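The two complexes that follow have chain A in common; it is paired with chain B in the first and with chain C in the second.
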Partner chain A sequence: MDIDYNQLMSIGVYGSAIGLILIGLYAVLIKKHLTKIVIGLSIIDAGIHLLFIAIGYIKDGTAPIFSPGGLKALENGQPMVDPVPQALVLTAIVIGFAVTAVALSLVIRLYRHHQTARIDQIKSLKW
Partner chain B sequence: MKKLFVIFLLAVVGYSLVNALMDVPFGENRIEPGTVSAFYLEKTPTQLSVANVITAIVVNYRGFDTLGEVSVLFLASLGLGSILYRKHKEGEEEVAILKPSSQLVQAGSKLIFPAILVLGAYVFIHGHLTPGGGFQGGAIIATGFLLMMMAYKDYKVSHNILMWVESLAGIAFAGIGIVGLVVSHSFLENFLAIGNLNDLFSGGIIPIIYVAVGFKVAAELTGVLDTLLNIKDKH
Partner chain C sequence: MAAFLIPLLAKISKELVRIVPGLVIGYLSVVSVILMTQVINTGQPIIEVIGGWSPPFGINLVFSAFTGFLVSLMTFMAFLIWIYSYRFKKIDDAPAQKYFILFMMLVTGSIGIVLTGDIFNLFVFMEITAIAAYSLTAFYRDRDGAEAGFKYLLIGSFASALMLLAIVLLYTQVGTLNMAEIAQRMHTVPQGMKITIFTLFMVGLGIEAEMFPLNGWAPDAYSQSPGPVGVAFAALVVKAGVYSLIRVIFTLFDIHGAYEFLIIMGAITMVIAEISALKQTNLKRMLAYSSIGQMGFVLIAFGINTNAAVFGAIFLMFNHAVIKGLLFMSGSYLVYNTPSKEIKDMAGIGKKLPLVSLFFALGALAIVGLPPFSGFWSKLYILMAAADSSFYYLMGTILIVSIIEIVYYFRVMGRLYFGKPQNDVILQKPTFGGIVAMSVLAVVIITIGIHPDFISGFIQSAADTLLDKAGYINNVLQSTNL
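On to the complex of A and B.
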């Protein structure tokens, strides 16, 4: 049987990234508990990071580091993967942490005020 | 009904993502001469003498962006503290939620805590040579403090010390940028000798900035964890 390795990898990696984004979106839209909504937001984050890194990947590529091993790989004709998406994801992870921390603190504040963190039981939000 | 609508929405989002990614083949070499990636890969070893290209992008080429990122982190820890701040009311007894852990966990975490700190410091000192850097090393150090806070119920980190470490690291970052502005007429411009590729002392200002970022991130994350773990409950 002839399996195209590259096609298989693309379905696996892109598919899991899109799957993570959709799972997170589902949690944000359907779940009633605010903590679960925050978890959904971080799952969307993870999916987007995976998508970025997957787009920057080059077949048989090595890490963009000019260490002795990296220089040896370059001499053997291996390309270096795209460094720009990786640098952007480094930024995005830190911002994602900040967003999660502030969102969780808002959840704690709401819980203190209403004695519940379920949005269907917080009546004053309805209009 | 609502669930059906959401599933329809997710199908639309998923279809449009798949449709867009059809034109982006996986693993194809898209770094053509003239793109910004090609510029970074070509110039980093010669211009900055930094082995890790991602560090060079984050700290030097996009250094101003990283300064903003560090301030976002600072604002997040500030916002967390101010949102969770609560005045102590009279006649209200506050009880901590944490339960003490077993003796085994306490002894083990005391044993492993210095090793975690050393690993974090190694990661951010070698940020320009190996994978890792200030943010990652800072996060590792914060996990060490998290372990101690979980193991010992009355483990206290001094918020005064955290504030000083954070402020001094932030001032060091901005100060290096201003020195670059004075010496080389551009903010965060490199003004030190760049040294040889793959030496510990290479890359000019990049290792200094990443060490400052490491201290700042470690202090901020430890402060956030301490605030979140010390939430008291009414009883």
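On to the complex of A and C.
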């Protein structure tokens, strides 16, 4: 009985990506503290990024660069990993960073205004 | 054609705070109108390839009759907003710089959403718009802006996470990000996966487009943000959201039942929003709910999915931008003159601020769809299209909702003109720029109302382009390098 480590690995990566998304979702929906909600949003983002990278990865793939080493590996039948998801994740990380920064600055503003950072105590706006 | 990129460059030259944005936006709107007439005359969309990689490898911008019409509308409205906010009351020098940077970002993002031909680029531009919108919502320190902004941010970033997930799944299925190519390969995707991706997109984009269960952010954001920003939301952000929703549904997916879904969601949005508007006591919140209702109406019209209905929908998008722009512009002056922002305190302002009240009344009459104004035509076209496709229940709903709309707008107007003035102090008179912007919008509303043929040619070709899915795919994929 031999264990397919490759398959185990991919299940682990996909599972942890989905796990991260769910943890983030839990934090956003259940937690009452503003900072924790922002952290939850970041965790969701991280989970999606991990999923994205995992999709682009090919087992034993080399870096997708047209360098002498890379071309040699290609000739030897070694596959390259898909570069597109990596580029996208890089962009998405930058965007996520910007959103988190704006979110935290709003949290600071809210804290100064209300002297609290718990959402159940900030409710001057309603439907 | 590189003119599309000017808003990006404009962010660098932000030091000439007040003047430069206006010049840039003005130039952009002139260029886009010229390009639009050119595109319509030749019947061939302009496809700009960025970075020298031809589609499907590089990112491309598509300037067809439909996107061109929307871009012209957006830049035109942005220009008027610039005139309006040039000397707007609370914007002093240091905040003015921040304000205009954020405003330019908002315009850039919205135009980018409309023009891009790449699904991930759409996501990037949506985030640019969203970040600018969050910050603009929280622009004033003394109001509850931060709370509204945070609420918007929470919902918005959740939406973008879902959208990113949808893009990831879509990429695993079709292996490309170019929208034309996705549309081409869509039939290979299994049905279950298609519906999953579609749902994720609907939720993600529906938030930006103010679709019903997802629009909790809108009333707060509209009521707490500075006056001109409300106009920008109605004219730019929401339009871009609706555009991307429509693009995803019409071009990318061919799911059976998507259009019926759109009609049902639109009807629910419209009814709930108009009923909420009826019970609002705060003027800006009322306008915000009315705005949501109008978007529901647009979704219904797109969902009917005949040429006439799409024509009506695009016409309504145009009308909504112009009329709601006028309402928000005049409404925020009315609000500044009342201590509480409540409608009941606005009694008799019609006598003290005759011009502003006149503009507000004009906008209100136009948006409920009375004959001499432009709002009438779009409503008429959509109703006729609904009748043609024999959606009689839908027609009934639309008419009932119109009556609700009339009730709450006329209630405000009654207060304005027939109420007793409470105090004699005029807190804030409109600036010259504000009057110019509002007069331009009023003139547009009346001109289009009397003579709708003036723009119906543009709208007709826009509708044709949107429905011509095969043409879109061919044009994008064949353009190698212009």
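Here is the rule we use: the second predicted complex is superposed on the first by the 123 of 127 C-alpha atoms of A that agree within 3 Å, B and C clash if a C-alpha of one lies under 4 Å from a C-alpha of the other, contacts with A are read in each partner's own complex, and residues count from 1 in each chain.
FYI, a residue touches a chain if its C-beta (ideal position, glycine included) is under 8 Å from a C-beta of that chain, and two chains touch if they have at least 3 such contacts.
Predicted model, so just to flag it, every value in this text is computed and none were measured.
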First, second, both or neither for A:91, with chain B first and chain C second: both
Which superposed partner A:48 touches (first chain B, second chain C, both, neither): second
Chain B or chain C, by number of chain A residues touched: B
Contacts of A:10 with chain B and chain C, given as first, second, both or neither: first
Contacts of A:113 with chain B and chain C, given as first, second, both or neither: second
Touched partner set for A:102, first chain B, second chain C, both or neither: both
Interface residues of chain A shared between complexes with chain B and chain C: 21, 55, 84, 91, 95, 98-99, 102, 106, 109
Chain A residues touching chain B - in the complex, by the definition given at the top: 6, 9-10, 13-14, 18, 21-22, 25-26, 29-30, 54-55, 57-59, 63-68, 70, 79-80, 82-84, 86-87, 90-91, 93-95, 97-99, 101-102, 104-106, 108-109, 112
Chain C-facing residues of chain A, complex: 21, 28, 34, 37, 41, 44-45, 48, 51-52, 55, 84-85, 88, 91-92, 95, 98-99, 102-103, 106-107, 109-110, 113, 122, 124-125, 127
Complex interface listing, chain C residues touching chain A: 120, 124, 127, 130-131, 134-135, 138, 141, 144, 146-151, 153-154, 157-158, 160-161, 164-165, 167-168, 171-172, 177, 216, 219-220, 224, 276
Chain B to chain A touching residues, read off their complex: 2-3, 6, 9-10, 13-14, 17-18, 21, 24-31, 36-37, 40-41, 44-45, 51-54, 57-58, 62, 65-66, 69, 72-73, 75-77, 79-80, 83-84, 86, 129-131, 133, 135, 197-198, 217, 221, 224, 228, 231
